[in-house]
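After this come two complexes, each holding subunit A, first together with subunit B and then together with subunit C.
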Partner chain A sequence: MAQVKAYVRPMQGWWRRNPYFVRYMFREASSVFLAIYAFILLVGLARLAQGEAAYNAWLTALASPASVVFHWFALLTVGYHAYTWWQVAPKSAPDIRIGGRPLSQMVITAGGWLATLGASALIYVIVRWM
Partner chain B sequence: MKRSNEPIFWLLFGAGGVLSALVAPILILITGIIGPIGPWMPASALAYARVHGFAQHWLGKLLLLAVISLFLFHAVHRIYHGLHDLGLHAGTGAKVAAYGSALAGTLIAACLLLVIGF
Partner chain C sequence: MAEPRTIKIEVLRYNPERDLEPHFQTFEVPFTPDTSVLQGLQYIKDHLDGSLTFRWSCRMAICGSCGKMVNGKPVLSCHTFLRDYYPKVRIEPLDHFPILRDLAIDQTDFVNNKLPSVKPYLMPKDEKPVSEGPFLQTPAQLQQYYQYSQCINCLLCYAACPQYGLNAKFTGPAALALLHRYNADSRDQGWEERAELLDAEEGVWGCTLVGYCSEVCPKQVDPAHAINQNKVNSAMDYFGLLKFLMPRGGA
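== the complex of A and B ==
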């Protein structure tokens, strides 16, 4: 039987054709940054277990320009993911009803953003002053 | 019908997603930027004695393990499913590698926390 030569739309670079998908890929890039960040913390834990000199060497490495640039990119992408995580939360949250009415989507999203801000402020205060 | 193992990974992905949405940005800012080079954070904030004491406390251990483990499980789940978007149609091998590395990271972190002691 003859091979059917149907046109197959090329998918190379598909996400660059639409700003929506560019944002999608930017957000998905945060997963790579988050994995590397978790690995950096794991290395820090290993250095902590090895003693003070090893731990201080890890801290010195964190202060290097390459490390700081990496963490800026990680903050940008992971921060954007945190922002959009609460935007989709109404679609994945359990069906909460108050007085028989479903909770408004904006309440869930705004609640999430406030929770992130509150947790961030709390951690900052504890690390800096307590 | 064979039961799917997806709910387990979905649960870990979701838990890591919530935890990372809540605390990942501030943690990255503190441990990666203002902790090591300032400003708005004294250098003593991440000093050895302080962080070691935190890791010796049972609550500190729990928080450190939760952050490292759930961030890893969340991230590898998204990386694994994101491969498809890049035109790589990964199979079982990639799945085992992804979740296996998150599991390995979790076990290593738990061992290190035990080594650090109480």
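== the complex of A and C ==
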């Protein structure tokens, strides 16, 4: 067969072409804010180890308007990240079968949310009353 | 019978002997509620422009030849109806593949490279003579891989996979789902021979779980599930655990 001059389409801007890919990119980007939030928490731990004054300075920094705005934004993006996390969790789960029938992927997603809400409630109770 | 309406079909045209890059051409095509997108293309070829090039065969969603991008989504054009796109629809060749001509893509990479690379055949531990009868399997063992054996190689999942579009070395959804189909088969003991590819960057780790492959699959194969459960297997293989956990042993 004679060689044909095939045309290769560019991939530039691929993620804007389909709403599914846009949601995927938001999912990936939301993990950045999760990482920043975790890093701030780690800094707090290090400041606690340095003594009371250092820890109080960290608490003061947290109360600044910029920090409050960031944490509200991080909470929203982390919420979205958790939502996408449980959406894709069934894809990483092993092939679970009960009585020969595959376990519905909805059950895994719902189970993940139950675990998330349960853990959140437990942490709230511990922080609030203990 | 319903009175035919007319729909505008925008088709991506590319003639390798004449064009530097593809362009759209619009056709007016009459259709009824049961006219598929494929039949719309056939109408163009029969009545408006005989040079329009596209692949098709069975017209009933089993041969896997007629995949196209319809309004930007990969679908089987025989399984998609013009009534859902009135008054206008855009048809392009499957994304992420080189265009040979009009809507015909170059499938060579999948057929010659990706598909053979996963060794898509049974590798029993010990061959036995035909006189000893078949390798028996229980219905439960069949269910372990049945879903993944339903792939028709239509390549919609590759058109849905940006990772394949960005790096064509990635083995891709259908081939990796087929790899899992044989690994999950109780008659097969070839997982160690397939492990080098599975564990590689071009194997399951090239997947970032976009998940669109499983959305567009017309046969509910769920390649994203096949690939991502094997990331766990690949990690266990890395730590040498798989040999203990795979009861069927190596080929």
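Keep in mind that, in the parts below, the second predicted complex is superposed on the first by the 113 of 130 C-alpha atoms of A that agree within 3 Å, B and C clash if a C-alpha of one lies under 4 Å from a C-alpha of the other, contacts with A are read in each partner's own complex, and residues count from 1 in each chain.
Note that in this section a residue touches a chain if its C-beta (ideal position, glycine included) is under 8 Å from a C-beta of that chain, and two chains touch if they have at least 3 such contacts.
All figures in this text were calculated on a predicted structure; none of them were measured in a lab.
> Taking the superposition as given, does A:L75 touch the first partner, subunit B, the second, subunit C, both, or neither?
Only subunit B is touched by A:L75; subunit C is not.
> Applying the touch criterion given at the start, work out whether A:A57 contacts subunit B, subunit C, both or neither, answering first, second, both or neither.
The answer is neither, since A:A57 touches no partner chain.
> So in the superposed three-chain picture, is A:P90 touching just subunit B, just subunit C, both, or none of them (first/second/both/neither)?
In the superposition, A:P90 touches subunit C alone.
> Which of the two partners, first being subunit B and second being subunit C, lies in contact with A:A6: first, second, both, or neither?
After superposition on chain A, A:A6 lies in contact with subunit C alone.
> Considering only the touch criterion stated at the top, classify A:Y20 as touching first (subunit B), second (subunit C), both, or neither.
Only subunit C; A:Y20 stays clear of subunit B.
> Report the partner of subunit A that touches more of its residues: subunit B or subunit C.
Per-residue touch count on subunit A favours B.
> Quick one: classify A:V127 as touching subunit B (first), subunit C (second), both or neither.
In the superposition, A:V127 contacts subunit B only.
> Is A:G112 in contact with subunit B, with subunit C, with both, or with neither (first, second, both, neither)?
first
> By the touch definition at the top of the document, which applies to A:V43: first (subunit B), second (subunit C), both, or neither?
neither
> Considering only the contact definition stated at the top, list the common interface residues of subunit A for subunit B and subunit C.
Common interface on subunit A, subunit B vs subunit C: 11, 15, 28, 92.
> Going by the contact rule set out above, which residues of subunit A touch subunit B in the complex?
So the residues of subunit A touching subunit B come out as 11-12, 15, 25, 28, 31-32, 34-35, 37-42, 44-46, 48-49, 52, 55-56, 59, 62-63, 67-68, 70-72, 74-75, 78-79, 81-82, 85-86, 92, 112, 115-116, 119-120, 123-124, 127-128.
> Within their complex, state which residues of subunit C touch subunit A.
Within the complex, subunit C touches subunit A at residues 14, 16-17, 19, 21-22, 72-73, 95, 98-101, 106, 139-140, 143-144, 162, 165-166, 184, 208-212, 214-215, 222, 224-225, 228-229, 231-232.
> Under the touch definition given earlier, write down the residues of subunit B that touch subunit A in their complex.
14, 17-18, 20-33, 35-37, 40-42, 45-46, 48, 51-52, 55, 64, 67-68, 71-72, 74-76, 78-79, 82, 85, 87, 105, 108-109, 112-113, 115-116
> Can you list the residues on subunit A that touch subunit C in the complex?
Checking each residue of subunit A against subunit C gives 4-9, 11, 14-15, 17-18, 20-21, 24, 28, 88, 90-95, 97, 100, 102.
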